[in-house]
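Quick heads-up: structures coming right below.
Both complexes below contain subunit A, partnered by subunit B and then by subunit C.
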Partner chain A sequence: MHIVDGALSNEVVIAGGVLAVGGIALGLRKLDMEKIPVAGVLSATFFVASLISVPVPPTSVHLIMNGLAGIILGWAAFPALFVGLLLQSVFFGFGGLTVLGINTVNIALPAVVAFYLCRSGILTAAPKKAAIWGGIAGALAIALTTGVVAISLTLSGEKFYEAAKLVFLAHIPVMIIEGFVSAAAVYLIRKVKPELFDLHNTVSQGAD
Partner chain B sequence: MTLFKSLALPTLFAVALFSATPASAHKVIASAFAEGDLIEGEIGFSNGEMATNQAVEVFAEDGRKLGDTHTDEEGFFTFQPTEQIVHIFRANLGAGHVAEYRMEIDELPDGLAGGQAPASTGAKTVSAPATAVISGSVAPDALKELVAEAVRREVKPLRREIAAYKEKNNLQSILGGIGYIIGIFGLAAYLAARRRQKQSGIAGQAAE
Partner chain C sequence: MSALLHNGPEAIASTPSAGGWSVRDLDPRVRILVVCAFAATVVNLNAFPILGTALGFSLVALFSARLPLGKTLKRVMMMDTFVVFMLFLLPFTMPGETAFTVFSFAASWEGIFEACRIALKANAIVMMVLALVGTMEAVTLGHALSRLRVPEILIHLMLFTIRYIEVLNDEQKRMRVAMKARGFRPSNNIHTYKTFGYLVGMLLVRALERSERILKAMKCRGFQGKLYLLDDMTCNARDYIFAGMMIAIIVVLLSWEYLNVPFV
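Up next, the complex of A and B:
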């Protein structure tokens, strides 16, 4: 899922950089003090999750966990995932420094979309129902990520349909796994620590 | 206290993820070296899979296209260089994977490199001394070729192992990355706390 240096045209890289800066700025404004530890842990989760690979011939794909980061953090997923991506590119050579912006957008924007689409579902009364919404958010974030990756490749000259099909099909196992992991996480959070979801809601309502 | 509580759950989750075996991700590896008067190279993924029947484009440093070639069933390609310039081999493996290898002038095949002793880079260091020793004696050209061929065959698995080793994500860098994440978010928490303290201080003064 990490696009490497040199795969994209300059326009796409620059546009990605600008969008990423905007998203990070917005995310930092929404990141209040109580959220910082959670953001750090989700950033670490994303950093490590990408090392767990799922072999899909001819290559292998890895977990991303952006859906979970999105539904817990909202816009604050942007800075959290950016930090994870930055360290991945420095330590493991995933992606690269020039494409950091577009990679951040590709991974954090779907997280934010999942946040807005599944938020109300996760806040519904029954934890089981919330878990299903969590699963949807986890799978949806991956599906959307494959979509935006395909769009970035298309804008750089690849044929959209082929690029999208290839990336999407390869990530079906990841969608299933992350759907289950996110559902389990949401269920657990709703049972054990429901404030984790409500906290942001009440704070952002108070701030806006 | 709530801070610790809100940390506990995602930390557990992160640890659970972390304890899974970190497998190699889908990074692209490319390398090339002189073989007789040809350039031979290989393209594969860091998990050991090779890119088979893959089109490879060859460029000069100024972006001029020098030619095309493609990989065989084992991920190897050969290219006949005609100019003594930097060669850049580039293969688009689709879905954002681009392999690129830059071959410097002193790595070019002997005939093109101006007959000088090749610089100590890559596989060349191993095969070059062997060739030099033989050429010092009265051995016929055929024997020279044979020895060079044998040495190349012997170092091939070694070279591949080195390439795979370079791509390995070791535990230290994973832990280092997590350490950085904790540090970055710790700093963010510190700054946020200081700002809040200042604000409450100002508010307190205003109340007085």
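Up next, the complex of A and C:
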């Protein structure tokens, strides 16, 4: 769900850039050098996860997993997802350069929202209930992302309004898929290595 | 270093290209700055001849970078379905003089022009980015950004990400082979979502365990939270000439657009 260069007005692009810098700065403050390897490896994992595609006839959709990234990384999702988007735009030509800021906000802000809304449920409830919270986080993050994409398009020009509405509708299947995939991932992690969800605590305290 | 982040088999920035001049030999910092300036310029152009000229410069850069043209163009074409979708919709959502109608929906000329404009801008920028920055080794990009005073901790995060994308992608492929061996075929159903969820979850679990091992191994080697970037980048005459050329191009494009100075 990348916006390309040239579609948005300068005001929106600049606002996106400023917000992204703020978010990244906040995220980086939660990371000390001890936590860089964890954050880097997880950021690489989310990059790899976005290469997995689910066949949805007649086409296929690739996973985004920003909800899950938010739950695990918290504010650190901002720099982690930014790095992924930067590499994608520079080496794959996906998304644009001037819109890097707004694209980061569109993906990472919903991740942070999912973190605040769903994390306690995922940490404390029984694995099955945690999975439901995970599903909510996954679906919600995509819904919010399409919402913010729609808003940034509409702010750039009324002409995009109809298109933005359709983008939202077209992404409802993606929300459902991301919801199920995130739910299953949360379930497995709760069963196998629940510390993964506690990373944020240790990250923000900066101690082992 | 990472095959995923490579543009073709010859994309090794550190190897000077054999014979002749190529953008690959230029200082990475200059390339990054120039691309940013070019992108900021192109999004502010509107007239078609000017956008066409900008696209022409991007194509020249693409040739000069000796990127495999077919492969790169395919990559450029593979824009998100979302973009294509929006470009197709734009003629119908933008009010203006009717060009044609499909099922009683009127397509406006204004919408068609706007869609073409966005497509031209996006392609011009993507090609320039792929030619000038995409041809760098991913690690070189990190070093160059660090030299451009991007915060160290972000650079470290980026270098770790670059380092492990390939490793984790291999892991993902191995797990997919194992899944295939057990008869898994992805389709559009709950079972697939659940299986992919477990795949992502397991990737994350293994990634966490891997990162614990990495930290320990790095501490053994005296890691104190700093990676030393041992290369030093220098700007020579060729870099200044190239930067000057690109600034000239940008000035021409902008004055053509905004001062109506006819250059052709």
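Operating definition for what follows: the second predicted complex is superposed on the first by the 168 of 208 C-alpha atoms of A that agree within 3 Å, B and C clash if a C-alpha of one lies under 4 Å from a C-alpha of the other, contacts with A are read in each partner's own complex, and residues count from 1 in each chain.
Here, a contact is a pair of C-beta atoms (placed from the backbone, for glycine too) under 8 Å apart; a residue touches a chain by one contact, two chains touch by 3 or more.
As the structure is a prediction and not an experimental result, all values here were calculated from the model.
In the superposition on chain A, A:L166 makes contact with both subunit B and subunit C. Looking at the shared chain after the overlay, A:Y116 reaches neither subunit B nor subunit C. Note on subunit A: of its two partners subunit C and subunit B, the one contacting more of its residues is C. Shared-chain residue A:T98: touches subunit C; no touch with subunit B. In the superposition on chain A, A:V13 makes contact with subunit C only, not with subunit B.
When the shared chain is aligned, subunit C comes close enough to touch A:S89, but subunit B does not. When the two complexes are overlaid on their common chain A, residue A:V38 makes contact with subunit B and with subunit C alike.
Put simply, subunit A uses residues 1-7, 31-34, 36-45, 47-49, 51-52, 55, 57, 59, 63, 65, 72, 83-84, 87, 91-94, 153, 162-163, 166-167, 170, 185, 188-189, 192-193, 195-196, 199 to touch subunit B in one complex and subunit C in the other. Within the complex, the subunit A residues that touch subunit B are 1-8, 31-34, 36-45, 47-53, 55, 57-63, 65, 72, 83-84, 87-88, 91-94, 149, 152-153, 158, 162-163, 166-167, 170, 185, 188-189, 192-193, 195-196, 199. The residues of subunit B lying in touch with subunit A in their complex are 2-3, 5-7, 9-11, 13-14, 17-18, 20-28, 45, 47, 49, 51, 90, 92-98, 100, 167, 169, 173-174, 176-178, 180-182, 184-186, 188-189, 192-193, 196. By the touch rule above, subunit A contacts subunit C in their complex via residues 1-7, 10, 13, 24, 28, 31-34, 36-45, 47-49, 51-52, 54-57, 59, 63, 65, 68, 72, 79-80, 83-84, 86-87, 89-98, 153, 159-163, 166-167, 170, 177, 180-189, 192-193, 195-196, 199.
Across the complex, subunit A is touched by residues 4-7, 35-36, 39-40, 42-44, 72, 75-76, 78-83, 85-86, 89-90, 92-95, 111, 114, 117-118, 120-122, 125-126, 129-130, 133-134, 138, 141, 151, 153-154, 156-165, 167-169, 172, 186-188, 190, 192-205, 207-212, 214-215, 218, 224-226 of subunit C.
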